[in-house]
């Protein structure tokens, strides 16, 4: 048992990692894939193929639409059938490239073998270019373009790279399986990122409910260190199981005992955090020239007939995955993309997976239905649970009063990380986060407008 | 005994005197000189403090109006021309009269017309819902039905119709302050001119998707077929992004588009007579026939003209 | 296709509800209630029954017919109020006095503010203090006809705190033959005070039963200990200082911590969610205030016991404490 964890708040939802023993299984390629152009935070990508074009697996089909944006690659080989708006997971129309699958022909230069390549280029620039070209985005959920994150602003120095293997959300097991089955690749990916950042230390942080993964990664690192000095300085850290440990700010607090200032970035305290799946994608990109065309997805839920960790091509229709595993269970009422604490409820099952889709979770009405909202009994459990030290009861009251944006900002609503601990622990079932998320968006708008005005005034 | 009383009176009197002087000095020191016209203007304002004019309240509006060089950018939608005339009289300005406006809900996706494909379980707010997903129906543009507009209205002019699940504007109470339009995350509420005797035409749909998809989602939706645009003789209807829009400035209230619309997405309100679709359709048919004949004749004439020249 | 349920995250909820919390408080009070019935006999059962039943009925009637809201009887909060009120009354209280107490507790102290979560003052305490002021004879009548199964004898006397106060008044007035303070306190063995002693409100007589319940609440994480501990700490420090300075006038820490409503008040009344501060900092100030005021009333006031008044006075400061004291935020000094 590790005692190391973040310093305030947090909750302990039941683990429910019922798919932890399911090996990562390759899902057969569907007939058609739908690849959305907005797969990441920032500007949507711009298509660089036309309807009727033949594409191969790994061929870029869309280029970044701005500085914070990313390449998108075809996940299959076949013909582009349409480039048109299509409803996404939330049911909102988004630009999407539809590709009819023909065979499985990969782009030249992509190494599809299983051989592990341990020697990587010393030149940071080559690696960074490859990462950018591979369209890698943060696969921990935020889908922030990785190449942007690996270019710290001038004057900021990184002290430590943290590879986030916490997987603190209940049910999710894809990162755990990745660590167990592709530990070498993850470790090499971590070493590459460490090299790109030019930092001495890297830590692979894993929660102590995954002792197998901790043991395995320690062995992997011992072996790699024997091979090359490039693997020095990478270690494994066991953390106490507590949600939301995998939150960037909480993880930095737990690992480095440093806290990112409100409105600041992790790099301000010398930290860069990357997810396990991202490290694997970096390995694929740099060592194998393989862009993101697939990712591992946990498909789980007590009501679901079969638990699985699947390697899924980007843009695979959800229905195809569900049917592959035996169809939609009758008592499932909610399908969540991601974990139960921060995942998004899916409104449209006709949609397809994205790069950042880490799980499909099926919940029954009993597991997920919200209770009736009661009066606040001022128990303070929300404030006790908040990992940012906020007072959700107060923010809720201010939000509902209306027009209290100044007060909300003073009480740090903009620091909310939307982890859901407050709503999770509220005995009166008050929709705290629903309300706070809205005020946060409003206050963020005000702060941005103010910053823009200040910048304009400077000019 | 009597000395106690005298002392008490004396001390209290002295205290009163000292405090009066202090108060006077403070009042002098912090006196704010204000244009007296601000008070006058504020008096004639409706006093709703709704913010419909773009200022924080009636006092802020009065302050801005007094300081402004003219009243072109200061208009109180709630008070309308009547109040603005009074304001102009006080300040000695001219005003541009504006047509009275009213809030119009541009969605007709009633429960019947728009089958539900999802259920919502969370804080009942359109804004929360809109940030999360497209809504409970196949239409990702239409009304979400949580009533943020109702909550935003200070005048009690909007209510939810439980039968349709859509907001209904009471045009008598609506002051066109625009609070509902701002509150609606889907932007389906538009301020439009009230029209002569309240008669006005509008397209009750904002769905920008293509026809077949829209038709599947909602029976009452505008499918962007363009019949209205072809029918209109006044160029008042334009179909853009698969959805029609009627320009109130050009519309002559002939109701032809309404009669021709295949889905009933075009609404005409407050007309004295109910819409006689057949009569209008017959009229249009006749007109089209005449036009076709005229075109034929013109073509024939054109065909003959060169012959004449030849001859 | 079947409909999908869509809601904002999180999609799961802890197995805690207002009802479960209130039920835990009720469970925690059961040992004290059992001890009180064993020691005071059937009279105590009448008080308990009347109090809980009238609180429930009043809550139902008021929410249903006056406030026209969904009735909140199901959340167990009225049971907690009823139970606490009963445990704060002498076992000999007539049923109609208990009922008036319930009317004040639920009707005045809770519902006029808007019901559960809205009240400023602890309802059970308001009810008790109202009765104490309105019906002093009933409220200081500690007679008992004897407990069940011969556990306790019939009793008529004063509470330990009352006896000390009377004794000190006699002593300070120079009454011939008055006992000194040490003689007075020696009547009460510490072990009696801990396990059970007669004389006092039904819920005050057994420290161990109350502490057992409080331990359960701590274990279930229903309450956090800082308010209770800061009350105990303050009481111990204040009484230690006074008793060292003038041992013939002031009682010591052990006596003060174990007598009167100290345990019931500090464990169950001061920790009431609604009427205590939200932050730890606020809670500690709140607890210190209660401890200090209690000791001042006990030493210098005309009432022998000050716990109820101290809690009510500090209840009034809670909105202010909530405004002043916030917990530390991440990444902010």
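For reference, chains read A, B and C in written order, and residue numbers begin at 1 within each chain.
In this section, a contact is a pair of C-beta atoms (placed from the backbone, for glycine too) under 8 Å apart; a residue touches a chain by one contact, two chains touch by 3 or more.
From a predicted model like this one, the values you see are computed outputs, not experimental measurements.
Relative to chain B, the chain whose mean Cα position lies farthest away is C.
The greater number of contacting C-beta pairs, out of the two interfaces A-C and A-B, is seen for A-C. Innermost chain of the displayed assembly, by C-alpha centre distance to the whole-protein C-alpha centre, is A.
Taking each chain's centre as the average of its CA atoms, chain B and chain C sit 58 Å apart. A straight line joining the Cα centres of chain A and chain C is 50 Å long.
A straight line joining the Cα centres of chain A and chain B is 42 Å long. Residue positions of chain C touching 2 or more other chains, listed in rising order: 1, 3-8.
Counting partner chains per residue, chain B has residues 118, 121-123, 128, 132-133 touching two or more of them. Across the assembly, chain A contributes 344-345, 347, 368-370, 431, 434, 437 as residues in contact with two or more other chains. Within the complex, the chain A residues that touch chain B are 85, 87, 90-93, 344-345, 347-348, 368-370, 431, 434-435, 437-438, 441. Taken in their complex, chain A has these residues touching chain C: 7-8, 11, 13, 170, 249, 253, 259-262, 264, 328, 333-336, 340-347, 349, 361, 363, 365, 367-371, 374-381, 383-384, 387-391, 393, 411-412, 415, 418, 420-421, 423-425, 427-429, 431, 433-434, 437. Considering their complex, residues 1, 3-8 of chain C touch chain B.
Only residues 1-14, 16-18, 20-21, 72, 75, 77, 114-118, 224, 273-274, 276, 278-279, 326-332 of chain C touch chain A when the two sit together in their complex.
Here chain B touches chain C in the complex through residues 116-123, 128, 132-133, 136, going by the rule given at the top.
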